[in-house]
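Paired with chain B in one complex and with chain C in the other, chain A is shared by the two complexes that follow.
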Partner chain A sequence: MAQVNPEFIDEVKRPGEFNASACMNCGVCTAVCEMGIELLPRKLFRYVLLGIKDKVLENTETIYSCLLCKMCEVNCPANVHIAENVRSLRYYINKKVYNL
Partner chain B sequence: MALPTGETIGILADNLRLRNSVLPIPGKNATRWAGGLGIPRGGETVLYTGMMYQLIPYIEAVNKSQEKIEDTWLVNFIKVGRLMNRVINISGFMGRPSKSLQADYNKMLANIARLLRQAGVEFGYLYEDELYSGALIYDLGMDDVLAAHAQKVYAIFKKYGVKNLITVDPHTTNMLRSVYPALIKGYDLKVKSYLEVLVERDIKPKHSLGAEVAIHDSCVYARYENVLNEQRTLLAGAGVKVSEPPGAGLFTHCCGGPAESLFPKKAKQKARERVEQIKSVAQNGVTMCPICFVNLQKAARGEIKLDDISNYLVRAYL
Partner chain C sequence: MSNKKIGVYICHCGGNISDYVDVEKVREAVAGEPGVEVAKTAMFTCSDATQQEMLEDIREKNLDGLVVASCSPKLHLFTFRGVAKRAGLNPYQYTQVNVREQCSWTHTDDPAGATEKAIRLIRAGIARTNLTEPLEPIVVNTVPAVLVVGAGIAGLRAAVGLADLGLSVWLVEKAASPGGWVAGFGKMYPYDRSGSDLISQLTAEVKKRNNITLFTNAELVEKSGSIGDFNVVIRVNGGEEIKANVGAVIVAAGFDAYQPGDGEYGYGTDGVLTLPEFKALVDSSDGRLMYQGREVKDVVYIYCVGSRQPEGEDRTYCSRYCCNAAVHAALTALEKDPGLHQFHLFRDIRTYGKFELLYNQSREMGVRYLKFDENEPPVVEKDAAGKVKVTVKDLLTYSEEVEIRADLVVLVTGMVPRENSGLTDVLKLPVGRDGFFNEIHPKLRPVETVVDGVFICGTCQGPKNSAESVASALAAVTQSASILKKGYVELEPLIAAVNPELCQWCGECAQSCPYTAIGKEQYQGREVAAVNRAVCKGCGGCAPVCPRNAIDLKGYTDAQVRSMIDAFLKETG
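Showing the complex of A and B:
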């Protein structure tokens, strides 16, 4: 069973950055993902919002596979800053997992 | 076994912190393109290459080594490599850049300088004092390392009294125009891509090329910096018929290049998909980013001819 950590979002969040609360879960981003990765970015962001930290950390390769090309972002009906959110997750992983 | 993400990022970040570039380049190789052009040092307006074109032959050499060790037991040595890299630059041992590739990229930069001159723009260059912008480190989320590096880059511009920057590639344009202002208090540089400057100056063609090319837009120009019309205006002026492949303009598809440093195989697969799209509309393709150019050219395997936009423009406008 997935363990939920309500504080996880605050760990990832930097001032004015990670923000996916406007996401309506419509799936356009996943449909247009250039890498064809089903997790990107809708499910991934949902894991962050729900605080399912283990699921996020299980998918580090996916997080770094994102091209930051903004194809998803330009198609997002909720104007979520997807590329910046992915960069925020990388920042978090670099610090907390890779100790960089 | 994939390349170890943390260690690979660590090496790139250590290089930026210790050696001012993700892959250090000897100063004479970084500035060779400007030889014989007589560009003055410094000035209020400078052509800022951000080293992207010069870095590509080095990135290529290192990527060849990465591809060989990706999915083998040798990746375990990257951890040791990171420790060694803090003392000695290990990328220098991972492959030598091809001389012909260096000559190709140097020619593109010289083209850009000559085009700007033709358009009546007065500009200088910082030669060996010019630093890499940190674009890859930004993408990888190493924001603290980038923030410190950005201060170094900005201090050099200030030392020379620079007020305007003319950039040559989309990634450097984005860094200097959209990322640095958030990192540096009081940032006051005006940044334009050379494509924007040439259109603004209304450069006039001297020859019509009568060619047809498929355009591959850069994701960064298209979706980060809104540079979409300039390349089409300049190519149309050059007498080039531009064919739009599936996924062009604002919705351009990516070349896969951003995945290259960590996942070379994924990058190659994406580039191949893009080549198929370009091939479906024309036998010649034009790019405006050195990363797009190198990735697509490798994936094209000679099936289509790709060229940097500067090589087209220089033939028409000079």
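Showing the complex of A and C:
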């Protein structure tokens, strides 16, 4: 059972520019991702949007394995700034997990 | 044998018929039938050239009967009745025989059988034509007044439209004040005008017009008469009865909101509301949403409650307005409190047309959508500390089971047919399998019912939003005005006729009539059955039950039907 934390999205949003609200879950980003990791990027963003904090924090390695190549971003039909969002997540993790 | 002179025309339909039916063989087989003066084939009987040829034949050879063997009468009955009329022949002495749908199209594997069947059908058509009599349409003068039942947004708008066409309107509302559901709505999409504002504007328009009479706390209790000339009785405040004479009736009786059962998605528990209840809460709050003295921060919506049920249940239909209404409610709630967290648990989102923009806007503003499988609906449970726990499998993370602790759960309920049995009985309105009133044809006759002169519009016909309700109300205005502004209606004369010499009034026929078209009258000092010519539909239900054979159906008399059976049974050789 995954617990929804409604405040989580606000925490992630506050420091950076995380915004995946326009995402309609088409999955094009994941289909074109060079890394071929299931979580990247659609499912990761969905966990963030739903506020499933644990799932995000369990997967910090994956979040850091993104190449920021922006293949997903240029193909996104909803114009979500995917790479920027990954950066905001890393910023959040740096502060909250690694206390940097 | 027959003193009729009949013209028979057999159509190839450009091959649609002649590819399977040997039309020349058919022509030869029917040319010698009693009464047949001319028998021809044509590539397209409906073409201008063939119509012209028929016209000339009818005039030159003094034909007094016409048979065209072609397609379904639904397609060309009126075309060929028109030919007869233009040639000076009574249109009811025309018979259409359907050898396309009933022969060539159905028996593509058996051309010989199709040909034989065509011969038999045409012989029967000729036999019937031999016994036709000239008939005239029934002309009914119309009363320039309309009864509108229901003064919601549809009924009010219909009343104003009718009044502006110069028709008098009797507007009857069951509730204490006009306006229906929309009167209770706050901001509406688009343009953000409130429902109550729209209704105030409409009621002001109604009040300006002298030819509209509005009754509140009133209901229709009796209707008699027929299209163009109905007598109705309106009961006001449960007592006083007012009689009115109208030419048409428009029913705009509205809908009920689906009321969830006890325990359905937790309904009945503190914090679980229906969409109308939630909208009222949002509309009445000044700033942040408060419920039972607590601040509302997290809201969960569950879609399709009471709608789109599995086959065999009562409500298999989509209520179509609710996705839009729920998305709109979410945006309205965000305006009151931009910090609100909202989770929409949906089966499918159907924000058709312009409402798609609302859906996009809501996502961009942070409203979150989770798709669930209809076989694994969300579970709603009471939780500690005034919260409600909702668990759902999110299909878009491969069925991750998530748990949301919400302050409010909104059940997005649809529209159900209003309990209207009294009205249904009085008007004899047909009700569809979904429980809403039924139109004749969903595309081409969307506001007409099988009861001539009675129209339906708005949500009593099926789920609609307010714009769609008003559009259908104005369609009903046009349809009723098209009858009433002409001053008269012409009805088909193919109806039941009583022979008063034979009738001894036993009442069997009246009981068998589904349209209440048969009453009593005096004939030479005794009671006999009388058919209300404007109400009778010519279904023929009364004719076989008469123990004295005193009823016949014009155009399909017993003698005609017997002669048709004899013609069917003749050898085809």
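By definition in this document, the second predicted complex is superposed on the first by the 97 of 100 C-alpha atoms of A that agree within 3 Å, B and C clash if a C-alpha of one lies under 4 Å from a C-alpha of the other, contacts with A are read in each partner's own complex, and residues count from 1 in each chain.
Here is the rule we go by: a residue touches a chain if its C-beta (ideal position, glycine included) is under 8 Å from a C-beta of that chain, and two chains touch if they have at least 3 such contacts.
All values derive from a computational prediction rather than experimental measurement.
J.: Quick check on the superposition: with chain A as the shared anchor, is it clash or fit for chain B versus chain C?
T.: Once chain A is superposed (C-alpha atoms), there is room for both chain B and chain C without a clash.
J.: Go through the superposed model and pick first if A:Ala2 touches only chain B, second if only chain C, both, or neither.
T.: Second partner only.
J.: Have a look at where A:Tyr64 lands relative to chain B and chain C in the superposition and call it first, second, both or neither.
T.: In the superposed model, A:Tyr64 contacts chain B only, not chain C.
J.: Of the partners chain B and chain C, which touch A:Tyr98 in the superposed model: first, second, both, neither?
T.: In the superposed model, A:Tyr98 contacts chain B only, not chain C.
J.: Is chain A touched at more residues by chain B or by chain C?
T.: B
J.: With both complexes overlaid on chain A, does A:Met35 touch chain B (first), chain C (second), both or neither?
T.: first
J.: Would you sort A:Asn25 into first (chain B), second (chain C), both or neither based on which partner it touches?
T.: Touch status of A:Asn25: second partner only.
J.: If you stack the two complexes on chain A, which partner ends up touching A:Val74: first (chain B), second (chain C), both, or neither?
T.: first
J.: With the superposition applied, I'd like the minimum CA-CA separation between chain B and chain C in Å.
T.: Between chain B and chain C, the shortest C-alpha distance works out to 23 Å.
J.: Touching chain B and also chain C: which chain A residues?
T.: none
J.: Applying the document's contact rule, which stretches of chain A touch chain C when the two form their complex?
T.: Of all residues in chain A, those touching chain C are 1-4, 6, 9-10, 21-25, 43, 46-47, 49-52, 55.
J.: What does chain C use to touch chain A in their complex?
T.: 297-298, 339, 341, 343, 360, 363-366, 368, 370, 391, 394, 396-398, 400-405
J.: Going by the contact rule set out above, which residues of chain B touch chain A in the complex?
T.: Spelled out, the residues of chain B in touch with chain A are 2, 5-7, 9-10, 13, 138-143, 219, 223-224, 250-251, 253-254, 256, 258-259, 262-263, 266, 270.
J.: Would you pull the chain A residues touching chain B in the complex into a rising list?
T.: Residues 34-35, 60-61, 64-65, 67-71, 73-75, 87-94, 97-100.
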